[in-house]
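Chain lettering (A, B, C, D and E) follows the sequence in which the chains are written, and residue indices restart at 1 in each chain.
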Amino acid sequence: MQNPYLPYPVRIDDITVEAVDKSLKTFKFVFLNDGDEEKFAYQAGQFAELSIPGVGETPIGIASSPVEKGFVKFTVNRAGVVTTHLHNMKVGDVMGLRGPLGNWFPWEEMEAGKNVLIVGGGFAFTTLRSSIIYMLDPANRSKFGNIDVVYGARSPGMLLYKDELVEWEKRDDINMHITVDATDDPDWKYNVGFVPPITEQKAPQGGDDAYAIVCGPPIMIKFTQPVLEKLGYAHDHIIMSLENRMKCGFGMCGRCGIGKELVCKDGPVFTLDQINKTPREY
Amino acid sequence: MELMGIEPDRLHFSWISSAESTKFVNVVKEVTEKVKAIGPNTHFIKNTAKVA
Amino acid sequence: MTILKIDKKNWAEGLTAAANTYRLFGPVKEKDYHQFKALEKGEMPDLDMINTRLSPKALLFPQSEAMLECSLDESRDDHHIMKEIVRDDKPRAVVGIRPCDAKSTLLVKLNFDTPDVQDPYWLGAYHATTFIGMACDTPLSTCFCTTAGCGPYHEEGLDMLVMEQGDAYLAKLLTDKGKAFAAAAGWSETADDSAAFEAGRKAAEDRIVSTVKTDNLAATDLLELHGAPFWEDIAFSCINCGTCTFSCPTCWCFDIQDEVHGKSGVRMKNWDSCMFPIFTVHTTGHNPRDAKAQRVRQRFMHKLKYFVDKYDAGIMCVGCGRCVRQCPVNIDIRRVCEQMNSFKTAESCAAEG
Amino acid sequence: MVGYTDKIKEIAGRLLKECTVDMVIGFRKGTMPMMNEPCFATTPEAVDSLVWDSNCGINLANYLTNRKEKVAVIAKGCDSRNIVTHIIENKIKRDQVVIIGVPCTGMIDKRRITDMVAGEILDVSETENTIKVKTADAETLFDKAEVLQQNCALCIHRNPVIFDEMVADAIPEQDVVDRYADIQKIEAMDIEDKWRFFDDLLRPCIRCYACRNACPLCYCPTCFVDESKPQWMGKGQDPMDVRTFHFLRAYHCAGRCTDCGACERACPVGINMRLLTRKLEKDCQEEFGWEAGLSLDQRPAMDVYQANDPEPFIK
Amino acid sequence: MSDWEPKIVSFLCNWCSYGAADLAGVSRMQYPSNIRVIRIPCTGRMDPKFALTALREGADAVWVSG
């Protein structure tokens, strides 16, 4: 019987500081035992538990994409005991990784030529980056209609994966709308303003073949939801990734429950009408 | 602490002004002697979590 | 279904015989209440009790159990790599468990034994344990097992059901685990006295005084029940201690904690309770269930609504009455279930009115 | 305390009718013998579910912490002292609470009675100083003084020290000769016996925190047990962690505890943790001459420094 | 038992005892090396949690000096 609590040993291969105030770092992990990477096959939208022996575990969305082989990437915001300890670790340190956990974005439905709108805010852009790279992969790009991305952060320094954002900006098969809440940088080429109004101006019309994936702080989700409804996105086409306190990550310890569903096992990805059927306890 | 079963000599308090370096040295010696007299701490020790 | 007749005289030596292949557990009286404990050599389970104060779930799901260990000593080459702690899954036998507690193991099994992921610690203990149940002839006034999906002579979850008859015991062997234990104990004198079990069951069930109606829990809409007006009144007196969840046989929530001593780290699984605020608090400090009433609502909704909808196996309660007896402020699940069951949503009473 | 129930209903009804308070906190009949459930009444009609007898051992001051609205609370001697401590520690303002004082002749010890009586207790009724316990096949009569909770048997503050209304006129205080006999017995033991005594006392603890949560003195937003930065103690069942928890919980009650017995009453496994808090209460009394919560204008002993504070242990 | 050296965790108040220790060191006075010094701003910062944790982690004695 496979022990679901036992993490795969991994080594930190590379650390890149994402945010200007060093609160966000992207960690690139490499599996120590070669058989583990196949066992860790995951889909875009899933998360995993980063396990530091003697300190604890923390659930983080997988930032690398299933099409990127040989490593797994996570972007971690320094918040609690485990994440602070992780931020103090250096390349070459050994730790653990448990997963992949939870469900993923409904790729089967969306791969039928559907248009996809991605709305991201702050550091919740990790699983969205994984999705974008998955969709832009030559093998998969043809399965989707057009792809729009609205991604906002507090300031230019807080944007994640800046180099990749610039790269995607150049491509023609994806239209990027990057925004920041405010900036005093004169040559800031992109939008300025909060995500909901920018979504209202730039996002395409909804319809039964359009899906919207929304990930970000609760305040952003609260104000983006009416905008998407106005644009005609049906409730079962608005997809969200929820966050809750988690320990086991595979639906046994009972703490991440919202009504009948467990965020870690039946989620973290839910459609809006699923969420409307559960009590607001996340 | 005493009621709980920890030897009184395991806990020392003192009041030393920053000028009284001699008193400091004497108190250190006295405390060390007393602790040596009662031996290592066996009661309030937790080396591994004794659980199921 | 073979039924054995065991004379009380050779009940003790039967158990001692079984003790060399099984590690025996049973109720032992400590201070002023009974508790399930490992029985020393030759120690007999003390059966003159109605039920133990805390549930026997600690036998399969200890309050704190070390799961993984690792060395943090940099000099070793396997430092920081977690290794599973080997469990001693030698055969064990629990003698004297009541049918309601045995049924609770099946409800808890729904959580720890799901098709795609299984908990090796709980299942390892479960498969290694043989449950020797004692039929319950003198239920308490707070027992409502007959209306909570089981009963004083219920057989689900048990490997052997033992019933007292004069100066002998009648033991109904239910599973081959039960047969194996009977063989190890050397009991073999059969007696097809199923009528005695039937009569015993009838008599015991009539002595149950308190009942619980759960018929339209499943039908009521989840969100309506969640927004019902009576939660504030139910939760007022609650002091948010963990007594009800820790004494309940069907509560399975746990916490994972790491502890380091010197150069060795341990990852352990501890009981946890939805009554504690830190159960759901996020690292940012946001707590989805911040108010006391939300937490009390979560406990009863999970037991009497979410579980009913999710597993469709009745309520997540076996009616043992421990939470009623142990609650320091006497919050009574029977009264809560009554209010939840008879809760009329706005439009349904309009329809009737 | 037999006639108190009607007087309490009358006062509570009046307070609610005149809207001097938004809510009255009291007890309602429990669903089990010797148990009552704290409840709140907001309408004059709801008042007749209120009840008062010798099973109201839970401390109602616990429900006053950080309350915003105007509240009436029924308080026996020790509860009223806790309300004084609450007011001194700014957990509630004096004008915000109307105290319905109850001269208390003691609460009965549910655990001891259940232990003395064979079989399940079906009903318990009481007269002024006798308790009648009915089981399926027997009926026994106890003298109330014989089955009191230990803290009520030793209690020297049965009349509330602070009140706005009084349910009955004051009753004579008990003059208890030696209140700390059991503590002195433990203090006389040698180190090894003390250690084993507390090892045995705290072994059944299942860390459900009923003692901490039943106590009105414990209102920290994050208890030291739950702190993770740094994490002071383990969360498991290691005997040292259990002992550290009980040690520090009792330590926080030094000079504040009124010995109402709610912690011992709430404990599912019946641990007599009051031995720790009463040791501290004894020290406060002997060294600082201080008893918790007696008057609003006197600062607690642990909160103020006097030149003549005894400090024999400082070198 | 003779060669056993006790480990004493000592909480020294930054201004008084720590100053005295500093003065003792400056004037080259010899004192036993069993004490492990933890500097605290003042004995007001001292807390029973510290003493208990020290003993639990293996200290043989705790010395608080203001």
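One rule holds for everything that comes next: contacts are C-beta pairs under 8 Å (C-beta built on N, C-alpha and C of every residue); 3 or more make two chains touch, one makes a residue touch a chain.
This is a predicted model, so every value here is computed, not measured.
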{"item": "Most centrally placed chain, judged by C-alpha centres", "value": "C"}
{"item": "Per Cα centroids, the chain farthest from chain B", "value": "A"}
{"item": "Cα-centroid distance, chain B relative to chain E, in whole angstrom", "value": "9"}
{"item": "Distance from chain E to chain C - Cα centre to Cα centre, in angstrom", "value": "50"}
{"item": "Chain A and chain C, separation of their C-alpha mean positions in angstrom", "value": "39"}
{"item": "For chain C paired with chain D, centre-to-centre distance based on mean C-alpha positions, whole Å", "value": "32"}
{"item": "Chain A, residues touching no fewer than two other chains", "value": "80"}
{"item": "Junction residues of chain D, two or more chains touched", "value": "234, 236-238, 240, 247"}
{"item": "Junction residues of chain B, two or more chains touched", "value": "6, 12-15, 27, 44-47, 49, 51-52"}
{"item": "Chain D residues touching chain C - in the complex, by the definition given at the top", "value": "30-32, 35-40, 58, 62-63, 111, 114-115, 120, 122, 204, 206-210, 212-214, 226, 234-238, 262, 265-266, 268-270"}
{"item": "Chain B-facing residues of chain E, complex", "value": "1, 4, 6, 8, 15-24, 27, 29-32, 34-35, 51-52, 55-66"}
{"item": "Residues of chain E touching chain D in the complex", "value": "48-49, 52-53, 56"}
{"item": "Parts of chain D lying in touch with chain E, wherever the complex brings them together", "value": "224, 232-233, 240, 244, 247-248, 251"}
{"item": "Residues of chain B defined as touching chain D within the complex", "value": "2-7, 12-15, 27, 30, 43-46, 49-52"}
